Amino acid sequence: MSKSYRDGLPISPENFVDQLMRLKRGSIGRRDFLGLTGLGIATAVMAREIGIMPTSAFAAESLGDRMSIATWPNYHDPATFENFKKDTGVAVEVNVFGSNEEMLAKLQAGASGWSLFVPTNYTISTYKKLGIIEPLEMARLPNFDGSQEDPRFTGEGTIEGVTYAVPKNWGTTGFAVNTKKLTKPMTSWKEFWDTAMAEGDSRTMVHDYQLTTIGNALKYYGYSFNSLKPDELAKAEELLLKVKPHLFAVSSDYQPGMRAGDAWMTMCWTNDGAQLHRDIPEIAYVLGKEGGEIWTDFYAIPKDAPNKPAGYALLNYLMNPQVAVKEHLANGAPSTDARVNKLLPKEVLDNPILYPAADLLTPLEFGAAATLTDPGRAELMARFKSA
Amino acid sequence: MLLGPATAWLVVFLVLPFIAIAVFSVGERAPEGGYQAAFTFAQYANLPARATAFWNTMVLAPVGALACLLVAYPVAYYLALRAPQRWRLILLALVVIPFWTSLLMRTYAWMYVLGGRGIPALLAYIGFEDIRLINTPGAVLLGIVYGYLPLMILPIYVSLERLDRRLLEASADLGATPLSTFLGVTLKLSLPGVMTGFSLVMILLLGEYLIPTLLGGGKVFFIGNGLVDLFLQSRNWPFGSAIAITLVLVSVVVLIAANRISTRVSGARRVDLI
Amino acid sequence: MTAVPDIEFRGVTKRYGAVTAVSGIDLAVPPSAFVALLGPSGCGKTTCLRMIGGFEQPSEGQVFIRGQDMAGTPPYRRPVNMVFQQYALFPHLDVEDNVAYGLRQARPRLSAREIASRAGEALEMVRLAGYGRRKIHELSGGQQQRVALARALVNKPAVLLLDEPLAALDKKLRTDMQIELQNLQREIGITFVLVTHDQEEALSMSDFVCVMNGGRIVQLGQPSEIYDEPADLFVADFVGKTNLLSGTVAGHSGDLVEVALADGTVIAARKRTALRQGEAVSVSLRPESLSLGARTSGPFKGIVRNRIFLGSTAEYAIEVQGIGTLLAKADHLIGHGNLFKPGEPVAIGFASGTPLAFAETKNNGANQRVEKHVEIIS
């Protein structure tokens, strides 16, 4: 009794404050949401075009006393930066972003001020092409041990033999299901989409992100997640338009809806899936057996980083397995580094959400740069959203 | 000739960005996204690709502004003409204070109020299970009315507060019932405030994307959403710029129309928006 | 009284919280009269007018219009119309629409043609024919005043209420409008109730003057009565110019009372109330009741200190030893050269009438409180 009187009540005050704090930290959904507040970017873009703001190429060999990093919400152990400051005297300013595109836009606009940032695999080649990312001087990263990294996850950081980025962690894109509301077991993207139009009607969420939403719609027909073929995309569009009226939301901020019980099923990234399952055990995380996305987040240094020495110093610090393991425990995404995995408790390694069985991982595809920047897919997404 | 600070301000924050956007709008999307120099009207020719978004916005903006007006007018009327003098400032402050918190915060609060652990949980308590309020058109309308209410109340309040009370007595004296006094005098003389509030809210709604996204689940696509996607997702800056320019032109037309209407109906008074 | 009064107040009191604005008023206004409610600001006259108009409800008592108890009747159902202070014309309507406003409220509805023709007549009546399409702000003060009149009269009210209608006009225009209003009232034949603080205006225009002070009626009468036979010291002082001399009752002789003034002079005066031997009194001497002459034998002798020549008359300020300065007014007879110069000694006598003696009553201060309140409501 003493426990249960609150169960049926609306959100508790503490919970509400938690959520607001979460909002304040900018962690409303990982990739998408900050786009809502990211219009400042337009100003930055214009400032560059007009030439108001100087683009700083300042670099001194001392570490200085401050640097800034661009990363994802809830992606680090705050103690990491505190300790780094204690060790080096460099204060780290953390900028959190909602999407890779937003990061890219900001960096492309220039004068971002970052000395380190966390791009996802499929953007690295674009950064390289645009020439706004630094080839890494591996000598300055003694803590990084390439031999301990799973090559499946590290490959896209290296282009034509030059390493531009080193991996932080990896993850998958599957879907989360509230198994109390949708009791039929599901294992495939086909079931995801079909259920969305049946038992999951008006309770299903898809990402506000063309890469995954279109990619997973392509999976319904067994096409490649990265397909750019017009006929295959046409089929995916047909499916998306058919599902649209049945959806609860098109949003990458799916945790609140799932937690409140308004949404019963959603496309979901590994770390969110792990968090949801941890807090609400009936929410399961499913990888579609047809495949889908696998991803790696990397660390990279912008070419115009104002404090490269500090950027390297922090990156090297983060590559220390003792530090990285704390990072992993904080954000919940699986590590690419065998040294880190050795330090992890068994129950983490045994968690199938974080470390799925090999046969489920095999069909997964990395998102491709071309998939992300394809104007045709962007327009398809716009048509879907405006339908 | 010296540029006044106001002029300099206008040039830096209004004219230059506008020119930049105009230049972008006749350019091309670079292969990796962003902008590359060109001179083409292809972006404008492509505007029909966002026709639905424009249409949704053209419906949302006036309907939202109207809903806002319907709620705001009685409040402003009460504040200006009925509330006891000593309460007036306090009540007015209560209207304005929520505005000190960001719209994002307040809209997010509504997400929780309307979400499954908010009002629906209360309804479930009294026996109405599985009622969904969030991500419905009603939730979007509620969010819009809530978010923009002060912007609508204040100009109407000001015009009603300025209203010469003796005109109301004169009207009653001449045989007009309270209703016809309201229609024939109060409403008409507060029209500058109504039009100011209406055009202000409507113009802001033309660019609105946050409330439909948060409270409507992003299922309805407005031109504001289109802009965000084009600048921050697909990074098609030229097309986004073309849409932005179009939106600015539409806003200007709305402003001029509002000014015309209000000037015509309420005599010589003008709406001073900026 | 045989005819039903147009307006009747029976025991009307109006309180605003602790403040009493109007207290226990009884008043009957006969049909077709031009009545002025006269008093200093805050005396309750505007409150009375607003109770007739229906904008205020009496706290006690009843207001009747043509025999009908108006309790609970809102302004828009009362057969009276008002010309407001500063006119309260509708700024969003042109002249004709302002005038036609009342006609448009009539139920059953009047035809457009009738509205237009009656509005036209009303404008003609106030000599504004052809101004129908003008905007209000394009008119002069006097023209606005006449639009307000036309707007009120077009509804053919039983009673026209005028709230300080001339206060905003300059003096020349005011005088013209006074005559115009008087003519209008005679022409139309309905009752006009005028509220004013200007005694000259009240005396010159109205058939009856109702002098108010401190929320009460202190005197009601024809203008000449009010002027010649003021009911008390307040009226004597407020209406017209007068010299008030302090003294004490020295004795009685028949109906008259003998008053010893400060300098020892004893003059005979009429009285309004019984006065006790030795009671402090003020004696009112109208300036025009005094006569001046080098040889005139009179109670006072003084020296001319100032002279204001007004054409047909001249006003003198004369310093009288032991009394103070007296104001005297003398007719100027052309060719007689009867003007006194400053510095000249004069003898002052009584030319006409007998002075009036009033008991000195202290004003209780209620005035000021009411005044404050009325500012708020107007």
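Quick notes on this one:
Per-chain residue numbering starts at 1, and chain names A, B and C are given in the order in which the chains are listed.
Rule of thumb we're sticking to: a residue touches a chain if its C-beta (ideal position, glycine included) is under 8 Å from a C-beta of that chain, and two chains touch if they have at least 3 such contacts.
Treat the numbers as computed from the prediction; the structure is a model and nothing was measured.
Taking the definition of touch as given, a chain qualifies here only if it contacts chain A and chain C alike; those chains are B.
Looking at which of B-C and A-B shares more C-beta pairs in contact, the answer is the pair A-B. Chain A and chain C have Cα centroids separated by 87 Å.
Averaged Cα coordinates give chain B a centre that lies 56 Å from the centre of chain C.
Chain A and chain B have centres, each the mean of its CA atoms, that are 33 Å apart. By the touch rule above, chain A contacts chain B in their complex via residues 8-11, 16, 19-20, 23, 28, 35-39, 41-43, 45-46, 49-50, 98-99, 101-102, 104-105, 108, 126, 129-130, 202, 205, 208-210, 244, 247-251, 256-257, 259-262, 373, 375, 378-379, 381-383, 385-387.
Those residues of chain B that touch chain A in the shared complex are 16-17, 20-21, 23-24, 29, 31-35, 49-50, 52-53, 56, 104-105, 108-109, 111-112, 115-122, 124-125, 132, 134-135, 209-210, 213-214, 217-219, 221, 225-226, 228-237. The touching residues of chain C, counted against chain B in their complex, run 53-55, 74-77, 80-82, 84-86, 88-93, 101-102, 105-106, 135, 137, 151-152, 155.
Contact residues on chain B toward chain C in their complex (touch as defined above): 164, 166-167, 169-177, 180, 184-185, 188-189, 265-268.
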